[in-house]
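As written, the chains take the letters A, B and C, and residue 1 is the first residue of each chain.
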Amino acid sequence: MSLLFETTPDGAGRYLDWIIDGLAWTLCLALGAWIIALVAGTLVGAIRTLPGGILPRIGRVYVEIFRNIPLLVQMFFWYFVLPELLPARIGMAIKQMDPPWGSFAPALICLGLFTAARIAEQVRAGLQALPKGQAQAANALGFDKRAMYRLILLPQAFRIILPTLTNEFMTIFKNTSVALTIGLVELTATAREINENTFRTFEAFGVVTIIYLLIALIAWQVMHRIEQAARLPGAASGKA
Amino acid sequence: MVKFSGVVAVLSLALVSALALAPSPSSAEGLGPTLQRIKDAGTITIGHREASVPLSYLDDNQKPIGFSVELCNLVVAKVKAKLGLPDLKLAYQAVNSSNRIPLVKNGTVDIECGSTANTITRQNEVSFSLIFYAPQFKWIALKSSGLKTTGDLKGKSVVVTQGTNTAQFVAKLNADKALGMKILQGKDHAESFLLVQTGRASAFMEDDILLAGLKATANAPDDFVLLSDSFPSDPYGLVISKDDPGFKQLVDETLRETMQSGLYDKLYTKWFESPIPPKNINLNFPQSEKLRELVKNPSDKAIGQ
Amino acid sequence: MRVDLAALVSAWPFLMNGLWFTLQITLVGVAGGIVFGSLLAVARLSQNRVLSGFATAYVNLMRSIPLILVIFWVFFLVPWAIGWLTNHGRPVAVGASLTIFTTFVLFEAAYYAEIVRAGFRSISVGQYSACEALGLSKLHAYIYILLPQAIRNVLPILLTQTIILFQDTSLVYVISATDLLGAATKIAQRDGRLVEMYLTVGIIYFVFCYAASQFVKQLQGRLSYGARP
């Protein structure tokens, strides 16, 4: 892997620096989108379990739209189409955003909302798997809706769905690679650039593959620790 | 009984595999790897570009056409004659600036007919035919941006296409002249041009002829202007596999004949100085001094050789 | 913002060609993926340490890296690998379509393998014991008894993964292939009709995936035998 330590053509550093930059963008995008996804996903998942009214339907529409369109198409929408649909001045302002923020911002929003739809479904499944007695007891004790979800239902639901959330967490790191199509120079894009400059395909892609494996390993370990810490004795979720 | 037929089966399988896996014997003249591969497959695969007007691009029916493609068709005719295969099939493979060299290297494409610059670094990976075109680098921008020279681009966003010699040139230019430009990379020329059209990048640098082609085929050609600065660029060659002097000789012979017989000038006029598909626009790009010189005395040397 | 419908109409045949390629990739990916995935799942359950080790490593590797990276790997290196294996000394020309089909079969097999493996775990242990008691060879046991049950149990999940596969095909964009999204992009760039093309393609994908996921929901309902939804 001597490739990493060779100097880049523009003389500004070594290929290792390119890889570190790419890795940094991957991590920032993944973690940022994860936070958006957790917040938005929990909200949408919760409102889908409400008894009636317009909110559950809005939740349903959101989930169906964001789950049935490929991530890449959604990325193109946020990057190419949205600035054209907005009033000319706002559109131009968005398009003039300096790279790489011009690519990072749409990628962040897109990936966040995409993953949120999937998390929403899992949160919904988790909430629906809870025994009905929990909600009824909370009502009897005088909890209002918000407190009931926040203090009673969601904490339990999360423990149930931690395994699927782990899966989602690992997936979001892989999905960051889609942002290369709108110009974000994340890890996979870096591998391709190194290949274009040196033609050493095997080394360039090999290093990046190993890094993704390490990311997956670490991500899994982190979630595993959380799962073990959050385990409720005697609860149904038990094993992975 | 079962055992015997089993043994026979295994032996025949081994025999067939050995025959299939053995390197195919080359013909008496020693065709060389590329021609041998073409002969074995009964097909020659031509790599082409999708938006490098007028050299190699797709017409309205998504068929590859252009100046380079025509030169390649002449090469194909010569290959048919040499191999004695008048029914040789022609397969087209779309390539972009990122994968054109790897695809020639790994044999997916037998000859790449596009707008590929011959540089010393690239000669480590592939071989180039005689030079058939000599462009310069220029910038294209929206007229409404009011940009006039390279200096006006200080601190602005510019775009180049990934994998091109232009990308490396602009990176160097940015560093040498401390322009502080933010460099975006498009997947191919069409995407890079789109970034200028939509206002995401202030300017796009590429070979002047390619920019003229993109401008001419745009929806509103008069919205664009080429900036006055020009920089020396690398000349174009057809890209072929590196370890095949026999095939290179065939290709070079074809080009040399074309240049000497006057057919080259006719083809040049057809693509650069007459209306061309899909919008019947005339690019009006007469041969430069440098190109006339290269037609009179063909060469395959890159800049600096 | 005016939407140019005429451009859409003239582009429609080209889009449909792209859609056809998308469907081809999906079909090949599903068929090859489930077959190879089932093999991997069975291999993981095997007593042979080497076999189960390899299968586990393969599945974990493919599930840890992005599809785009796999597409790049296969696109650049498969011709070399085939040439090396068959000793031609030169890489064998592998066309873009074949490369794409290979990529998707290899990649999706890892995901199908996990689903089929879950299917195996959902079969009651008694089935395995009964197969042994009846003296069925491992091959017969898997093909006639275990695999059919496993797949039936996880059919909805297999179908959901197929919908994901259908969406993943859009990623062949990175190698300039002309699937549905690739076709739309080429027209969008050539004619400057970004908004119309991408919105249209979004709608087409949505219609297909929504219909398919509704079908899966119905199927789940019918397969549930009165279990809680």
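Quick notes on this structure:
Everything below uses one rule, namely that a contact is a pair of C-beta atoms (placed from the backbone, for glycine too) under 8 Å apart; a residue touches a chain by one contact, two chains touch by 3 or more.
This one's a predicted model, so the numbers in the text were calculated from it and none came from an experiment.
Of all chains shown, C has the CA centroid lying nearest to the centroid of every protein CA atom.
Simply put, of A-B and B-C, more C-beta pairs touch at B-C.
Taking the mean Cα position of each chain as its centre, A sits at the greatest distance from chain B. If you average the Cα atoms of chain A and of chain C, the two centres end up 22 Å apart. A straight line joining the Cα centres of chain A and chain B is 39 Å long.
Distance from the chain B centre to the chain C centre is 34 Å, each centre being the mean of its Cα atoms. Residue numbers of chain B whose C-beta contacts span two or more other chains: 102, 187, 198.
In chain A, the positions touching at least two other chains are 80, 84, 181, 192, 195, 201. Shown for chain C are the residues that touch two or more other chains, namely 76, 174, 188, 194. Residues 98, 101-102, 105, 124-125, 157, 162-163, 168, 171-172, 175, 182-185, 187, 198-200 of chain B touch chain A in their complex.
Only residues 9-12, 80, 83-84, 92, 95-96, 98-99, 102, 181, 183, 192-193, 195-197, 199, 201 of chain A touch chain B when the two sit together in their complex. Chain A meets chain C in the complex at residues 64-65, 67-74, 76-77, 80-81, 84-85, 170, 174-178, 180-181, 188, 191-192, 195, 201-202, 205, 208-209, 212-213, 215-217. Taken together, the chain C residues at the contact with chain A in this complex read 1, 61, 63-69, 72-73, 76-77, 167-168, 170-171, 173-174, 181, 185, 188, 194-195, 198-199, 201-202, 205-206, 209-210, 213.
In the complex of the two chains, the chain C residues touching chain B come out as 14, 75-76, 79-80, 83, 86-96, 174-176, 178, 186, 188-192, 194.
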